[in-house]
Amino acid sequence: MSLATETPPMTRREWLLSDRPQSRLQARLGRAYMTWRRFSANRLAVVGLLILLALVLVAAFADYIAPHSPFIGNLAGARLLPPGSEGYLLGTDDQGRDILSRLIYGSRLTLMVVALVAIIAAPVGLIVGAVAGYAGGWIDAILMRVTDIFLAFPKLVLALAFVAALGPGIENAVIAIAITSWPPYARIARAETLTVRNSDYIAAVRLMGASPMRIVFRHVMPMCLSSLIVRVTLDMAGIILTAAGLGFLGLGAQPPLPEWGAMIASGRRFILDHWWVATMPGIAILIVSLGFNLLGDGLRDALDPRESGQ
Amino acid sequence: MSALLTVEDLRVCYPTRTGMVEAVRGVSFALGRERLGIVGESGSGKSQTGRAIMGLTPPQAQVTAKTLSFDGIDLLSAPPKLRRSLRGKRIAMILQDPKYSLNPVMSIGRQIVETLREHEDVSGAEARERALEMLAAVQIRDPKRVFGLYPHEVSGGMGQRAMIAMMLVAGPELLIADEPTSALDVTVQLEVLSILDKLVAERGMGLIFVSHDLRLVSSFCDRVLVMYAGRIVEELAASDLANAKHPYTQGLFNCMPVIGADRHPLPVLDRKPEWAL
Amino acid sequence: MSAIVSVENLSVVFDDFTALDNVSIDVSAGGSFGLVGESGSGKSTLLRAIAGLAPPAGGTMRIAGLELRGRDRDKAFYRAVQMVFQDPYGSLHPRQTIDRQLMEPLAIHGVRDGERRILKALDEVGLGSGFRFRYPHQLSGGQRQRVAIARALILEPSILLLDEPTSALDASVQAEVLNLLEQVRRDRKLTFVMVSHDLGVVTHMCDRLAVMQGGRVVERLTADDLATGRIDEDYTRNLMVASKGFRRHAEPIT
């Protein structure tokens, strides 16, 4: 007969959902957990997340997964083999290179492009938009006119111009895409800032003597993050396509890099008789774009800034 | 006094992430052609009760009752078409803030006309006439001018009077008013209340007045139901409020600061857990 | 008694709307001054102008004899004057824990021993330490307002500006918060400038009142005068009568 003299230790879930968090960490993790639960209730969103996790894993373990080299092909005996051929699951291209291996290694390039653009463009847009929105007046006017200038150009055309000026290559393609991607983020950040600026809690922080810089960076920007994250995720699909477009035009990744867009470009010639050379990378782009779109939609629902209760 | 509305064991439940939450837990009352006040604080279930009678609870809410009948019609088993025809024509509801309850993109006159034509087969001209009559009945001095105005162009008090006009134009027998004056200034509140009072008395309507303001309700209504945690804890005549028996009612009555009464500190409600059972 | 808050002929204009028109009030140290009026009377604007949140178009404002210029306020001002807002949800940052929000004023002013001060502040407003790491949406309206009061008091100001601090709260919670405010004022010997549309609240909490309408001060009187009906202006009298509740002139229907 045992007498329970102490309460059983909390399960991890109880600890996260506790309404008396004992530390800032517990409170943050609890909140993140609630967001995760909201997100995972949406099955399609989880599918999107899984697709992207698969992409990351494939890129990370490319060396172990890829059956052949992506750069060196069997020119003599394995040119333009159809999918399902012996040893070449997705077929080969005109230089005898295994398409599957090229896709696998190409995932690294895709990830790199997407990550770099997000890292460069999103913070720039966030800062420009939040500062413009909070400052108002001529600062707002100047920053927004600059934003408008960048927005006025069609994305691909502007990227083309930059790449033409900087020279072809995947790094320059990334810079070009990043330069054209930040304006919508600035707009979003500014819109959120305008809403938030007049709220009582910002007035309260001003009344504590906080400097405008402190208010913008520590109090206003966190409120812009949700909308921004959703928008960036949804944009990733478009960024991949823009990079692919640049690659297609020969201005992005240069041969022999297995960038998916460039693969489509070089496979274009064979599309009638050897459809797989261009189609396989196209399907890969489709799946990854879909993944980002599903993830973005799911994030939008889960990160609802007007969450009213747990 | 025959019962216009009979409510027996009304329950409203909501599914939440942590299980079912009962907002209304077994409310029963009968209403004749009288003024009944339902008083409670936030979370008491008073608004949900009013909305359940109207059939305006959100779709995920589950409304059950032993009896919920209006003039003999069982509201729970009535088909949606019948409920829709009752709404506006025989049972009407006034909400709190005309800024949010009036359609912002339609002129006031047009909204009233639309309500009328929805329920009665009248020509456009006749509908307009009746709408203007109604605006005059709520003591709007220049009905023709206000007819063409948009909700954002009028003050809170006038918007609320327009809302009353819109809800009463089809001549309902039962009016549910959910915090009709809470968003208004205190002098405007009294004007609106006296208009409401006059119209309800003239037309022999039944009125359910839902509010958080116990004193206001007791000065306006004949009978008062006090709700706490989804239940009615006390039912009494408005004039009898000073002799309230339930400690919650007494506490609620005493905790308001009153001009002239010098009580420092104010008596505070000592919430007993058994009230919520 | 010297006036610690002194406003003289203050005007505030937003675009072409005159929110305040030549308003003057005087609040003595340790006193509790009420601004009463209906919506649009300018009472909240006056409070915000003192706080530096609304642009003055004319007139002067003085705190402890020092003149305030426009919207500029220095850190010394913020350590002396703090504000409690009306909407309990709107006045707390939705994405920050209570702990973080109470820490912020301390961090801005470089105050050490934040840990002790936060615990003391929560204790003073009747919230246990279990509330420390919650987010605002996990708190009820009354609890949020207590946090707002704790935040206002954490820098130990001498003047508290209160903008309808209990209007958005249930009646029973309002009583608790009003009692808390009274106690805090007694314990810390604070000066209150309180805005309210509710005459009952304002006569309960304040010694002297200014009744405002349409951006002007209509009458100045003591709470006592108001309660006993020694009123000069009709507008004030109307407000008094209206506060007493609904009076029916006809017989109730049976």
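Labels A, B and C are assigned to the chains in the order they are written; within every chain, residues are numbered from 1.
Rule of thumb we're sticking to: a contact is a pair of C-beta atoms (placed from the backbone, for glycine too) under 8 Å apart; a residue touches a chain by one contact, two chains touch by 3 or more.
In this text the structure is predicted, and so the values were computed from the model without any measurement.
Chains joined by the most contact pairs: B-C. Seen from the Cα centre of chain A, the chain whose own Cα centre is farthest off is B. Per-chain CA centroids place chain A at a distance of 47 Å from chain C. As a whole-number value, the distance joining the C-alpha centres of chain A and chain B reads 50 Å.
Computed from the mean C-alpha positions, the centre of chain B lies at a distance of 32 Å from the centre of chain C. Residues of chain A in contact with two or more other chains: 310. Annotation for chain C: no residues touch two or more other chains.
Interface residues of chain A, counted against chain C in their complex, comprise 19-24, 26-27, 31, 199-201, 203-210, 214, 219, 222-223, 305, 307-310. Every residue of chain B that touches chain C in the complex is listed here, in rising order: 1, 33-35, 41-42, 156, 185-190, 193-194, 197-198, 200-201, 204, 212-216, 219-220, 222, 251-252, 255-260, 264-269, 271.
Those residues of chain C that touch chain B in the shared complex are 38-39, 141, 170-176, 178-179, 182-183, 197-201, 203-205, 226-228, 238-240, 242-248, 250, 252-254. Residues 51-53, 73-75, 77-79, 82-83, 85-87, 90-97, 99-100, 104-105, 108-109, 130-131, 133-135, 137-138, 148, 151, 155 of chain C touch chain A in their complex.
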